[in-house]
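Written below as structure tokens is the structure these notes are about.
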């Protein structure tokens, strides 16, 4: 089938999803030990969206993501160590500790970037697509955004302009069923948010967001279309946030049954099951061990990296000469 | 008197005002079932129902605009905007809507809504969740902007704000919610527009808002050890500003330090300095010192963020410098 | 047919449309003489929307409108003189000259009000509907907004909340084919903007906005539905702005053919033709003469009314005591 | 040298920069086919095509956010926001996006975009189309805010702004567009951050921005008739501010009047007063006088609006008062 990832590609997706899961679990453990600072938004259970969606992108393509962007950071090619070091505010972090986990960027890799103003990633990707179109570049921009973000005004403005100008941007809706603590039906007047794409004359598709292959196929087709100059489109990935909203979450609003039902459809399990048809068990075990070891090593290194030192940013000086 | 956390005092104020007036209702993100991310609205949906306590979508712009007109048509909405950093999304509704109607409609409308939000740094929340944009708010005619620093004021001023017929922006601080203090029993009202003298002094006046009041009190302690008697004034209300309290204090001390957690340039501290220039220039023996955030984004990493925030040491240093 | 206006109601709509047309033409003439100040946005050719839509409202209902709100002001029951006096900044104006023509309000009549921030009338009406719902009032709020306004983020946020909470609000889209100077297809990714209603699970209908009866029926049905507590809906009224965007307009972007085609479908003509079936010519001529005379008189009075005197607004004093 | 209207000077700057650099492009409401409601972009769509000159929907919020990221990825967008009153809609993109990235991404991004807008009263456009929200803009770290008052500066500063790698908010004034002035030929660049002394004087310094510079010059004429020698400084750049020019002038005159068309409280004039407090307190023989809009909405009716706006008479009166 067109746009189906090759076995190697799927295996790579699986490896990255595993790394992100270990990353999230490692952060959870460190949080319990009181070793994290500020809120950390984990994406356990949603890895297939960020990893498989970005797997269709080329090096020169760009992606924006949310406050919950770890899968996108890794999916678009960032190394573990600078990501983890940034989460812990280290000098060696991708942004020298200044950004923190919600705002990570790696401009060269095209991760531009996390965003903690809900909805703001949508015009951000659209603006990059505008830049590509003006300059005649053959690239696409992608925006991974949440079901909560879809209710912001800026989402509407950006999608209308993207469709009007046929900008090369792909809107990937990570529908994890919740805003912060409220379920989607308390926030959205419609269940399937992608029906709004018709209101912009954009194509859309709903996929199982826990099935990396389904995500890859649908997003890949939409990205190809955008790259051909046929304009934007939306893929709605239905998934579920297995952990709380963030480490500051007191929980209690997600039912046990719901969590159990979604755990049974864990994206890691779905991909592993699919891969066993083509990859032998030994290879899978090897990949799994390597992913775990890589994450462990990245944590160890990042956590012993030095903290940065404060200096006034002269670029922000409100006076035209130093004072 | 009861010992309460600042968040509990706010919760009590909301509960009492909702019980007393059926036109008071609340809306905001995650304020209902969950009780608010800072727990200020805990239990209120259970008590007052889903019509009067509403969880909203992430739509700050429309929510604020809706508060304006709901307030003009018979209700007293209390809107929670989760972080003060999101205030730009509310600004059109404040600057181009709430600000103008009382005057341009010839006094024919009341606009009794309260926009509660919380700002400030120190919790590792990063550049988009740590700011105090006080100045942008206090610049707007026709609205009030208040920022209590104690649980008692939190309760008494929130009750006053809900009963006020003008829009009130009510600024809380994420690091004040757990501060405890004595709160008088009963239906206490703290009038908006009055500063409070927290510490009498004769050498230098420290004027502060919100959490910076806590730092100013600490600075006064440090200065006492330096042999300097500092007066600490909690402005409480950013707009309208109690300029009489400022002038009275400066007429005694002849030295002033103004402290605000926003950026310096065009910040709220600039207005305090300019107000003092306007009303008390002749009383000054030294220039007013501004203690603020430096003019730059707020970084995430702990040593960076902590180095940047105004605090007691910086206030003390500024006071010493004005006295040199 | 249900919701069809009675002959008396239609005649009253016709009378008000005529008054508005004379008002607009009078403003045009005075502008040419250099006797207006600031931009004036005329609604010639669109009168059926503002007049017929508000004709379905009850006294306790409320309406918000745009910078081009003359028809709504008159439709919801305001007298000519305070409206004209306001347009000319007189002390006797509805708002004592402070508001000007774009921001006219009459709180008692439920006109709350004009708005010159494009899109802002949409959450404004929604907020009033919220107030009605919280207080259990049997009223509805209405918002008359433009095709340009439909592209603003605040439109999306307000419609989503209105639908989610089943607020008693009716969204009346006055699709006059233009934003300021650009045609709708340069602004909107879709031709029929009301298809977006489906994205909020709201009903919608497209009507001939130059046919007052069609507007009345469709808006009336939607208002009844809202009043029954069944939630908001959208009516898209297709109409055309016969004059320029405002008196500061230099024109040139509307084709002569298009203008001629729409003039042939003038709402005044459509209503008059329909009325001749039930109302005799003499009565029509009488109504027409009266409308003209009323407008002339209102202009004469308003223009000789005094100008206001400036005073500082103490309610805005930034200090807690006068200084 | 050529005599040009302010709007024509801006048009020339845009044309030259677009011709020189294919990454410069324009977008905004009605700027293309129609040439902009103030005609600043006239003829540019014809010349440079529909990809580089785009008419937009009414979507200020997303447009500004798009300018930020387009600028970070290889283009130099020039965005027109039709009225400065709509700046609140752009503020999230400025405060929470444009402001932060250079610093929090460790200097790895450039953000060369220009947001052109125009503000100010006097044309009968009412409370939502007449404001100057300078202070809200100048409060934001990491962006520049400039406001030329002459055609020559309009051209030279717009060219400088387009070439700048930081975001620049470029403030025009609806009543300046038809002002004529000599504009030097060729590729003139006026550096951002430098004030201009328009009139030398020795008794009092008048510091003004945008159209208020025109009023300050008139006031200097009136003061001359009063026997007072006023120095007029066109600040031109609100941020970064040329504090050296301010201090130099005050060190000579020892009296200062600051003039800005925004509201007074927390307005840009407050920062000027506070800056002078910080850097030139000892040079002052009298308090700095602020001449601004009063703190209230701008009414429509001519006598109301005119009475409210700052002008040469008010500047003169303030100067006389500081000299008493």
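Chains here go by letter, A, B, C and D, matching the order in which they are written, and residues are numbered from 1 within each.
Here is the rule we go by: a contact is a pair of C-beta atoms (placed from the backbone, for glycine too) under 8 Å apart; a residue touches a chain by one contact, two chains touch by 3 or more.
Which chain is which protein? Per UniProt: B, D = Alpha-ketoacid dehydrogenase subunit beta.
These figures come from a predicted structure and were not determined experimentally.
Participant: Looking at A-D and A-B, which one has the bigger number of contacting C-beta pairs?
Facilitator: A-D
Participant: Would you identify the chain whose Cα-based centre sits farthest away from the centre of chain A?
Facilitator: Following the centroid criterion, the farthest chain would be C.
Participant: If you average the CA atoms of chain A and of chain C, how far apart do the two points sit, in angstrom?
Facilitator: A distance of 45 Å separates the two centres.
Participant: Measuring centre to centre with CA averages, how many angstrom lie between chain A and chain D?
Facilitator: Result: the chain centres lie 40 Å from each other.
Participant: Could you work out how far the Cα centre of chain C sits from that of chain D, in whole Å?
Facilitator: 36
Participant: Touching at least two other chains at once: which residues of chain B meet that condition?
Facilitator: Residues 56-57, 59, 61-62, 85-86, 92, 96, 100, 103-104, 126-128, 138, 141-142, 239, 241, 265, 295-297, 299-300 of chain B touch two or more partner chains.
Participant: In chain A, what residues contact two or more other chains?
Facilitator: 98-99, 103, 115, 117, 151-154, 157, 160, 164, 186-188, 313, 316-318 - these are the residues of chain A that touch more than one other chain.
Participant: For chain C, which residues are in contact with chain D within the complex?
Facilitator: Within the complex, chain C contacts chain D at residues 37-39, 89-90, 93, 97-103, 115-119, 148-149, 151-153, 179-182, 186-188, 248, 250, 253, 307-310, 312-313, 316-318.
Participant: In their complex, what parts of chain D are in touch with chain B?
Facilitator: Residues of chain D touching chain B: 61, 85-86, 88-89, 91-92, 94-96, 99-100, 103-104, 126-128, 131, 133, 135-136, 138-142, 239, 241, 262-263, 265-271, 273-278, 281, 284, 286-288, 290, 295-297, 299-300.
Participant: Please give the residue numbers of chain C that touch chain B in the complex, ascending.
Facilitator: Against chain B, the touching part of chain C is residues 62, 64, 95-96, 98-99, 103, 105, 107, 112-113, 115, 117, 120, 122-128, 130-135, 137, 153-154, 157-158, 160-161, 164-165, 313, 315-321, 323.
Participant: Inside the complex, what are the residues of chain B that reach chain A?
Facilitator: Against chain A, chain B makes touches at 29-30, 32-34, 37, 55-59, 61-62, 85-86, 123-129, 264-265, 294-297, 299-304, 307-308.
Participant: Of all residues in chain A, which touch chain C in the complex?
Facilitator: 151-157, 159-160, 163-164, 186-190, 195-196, 198-202
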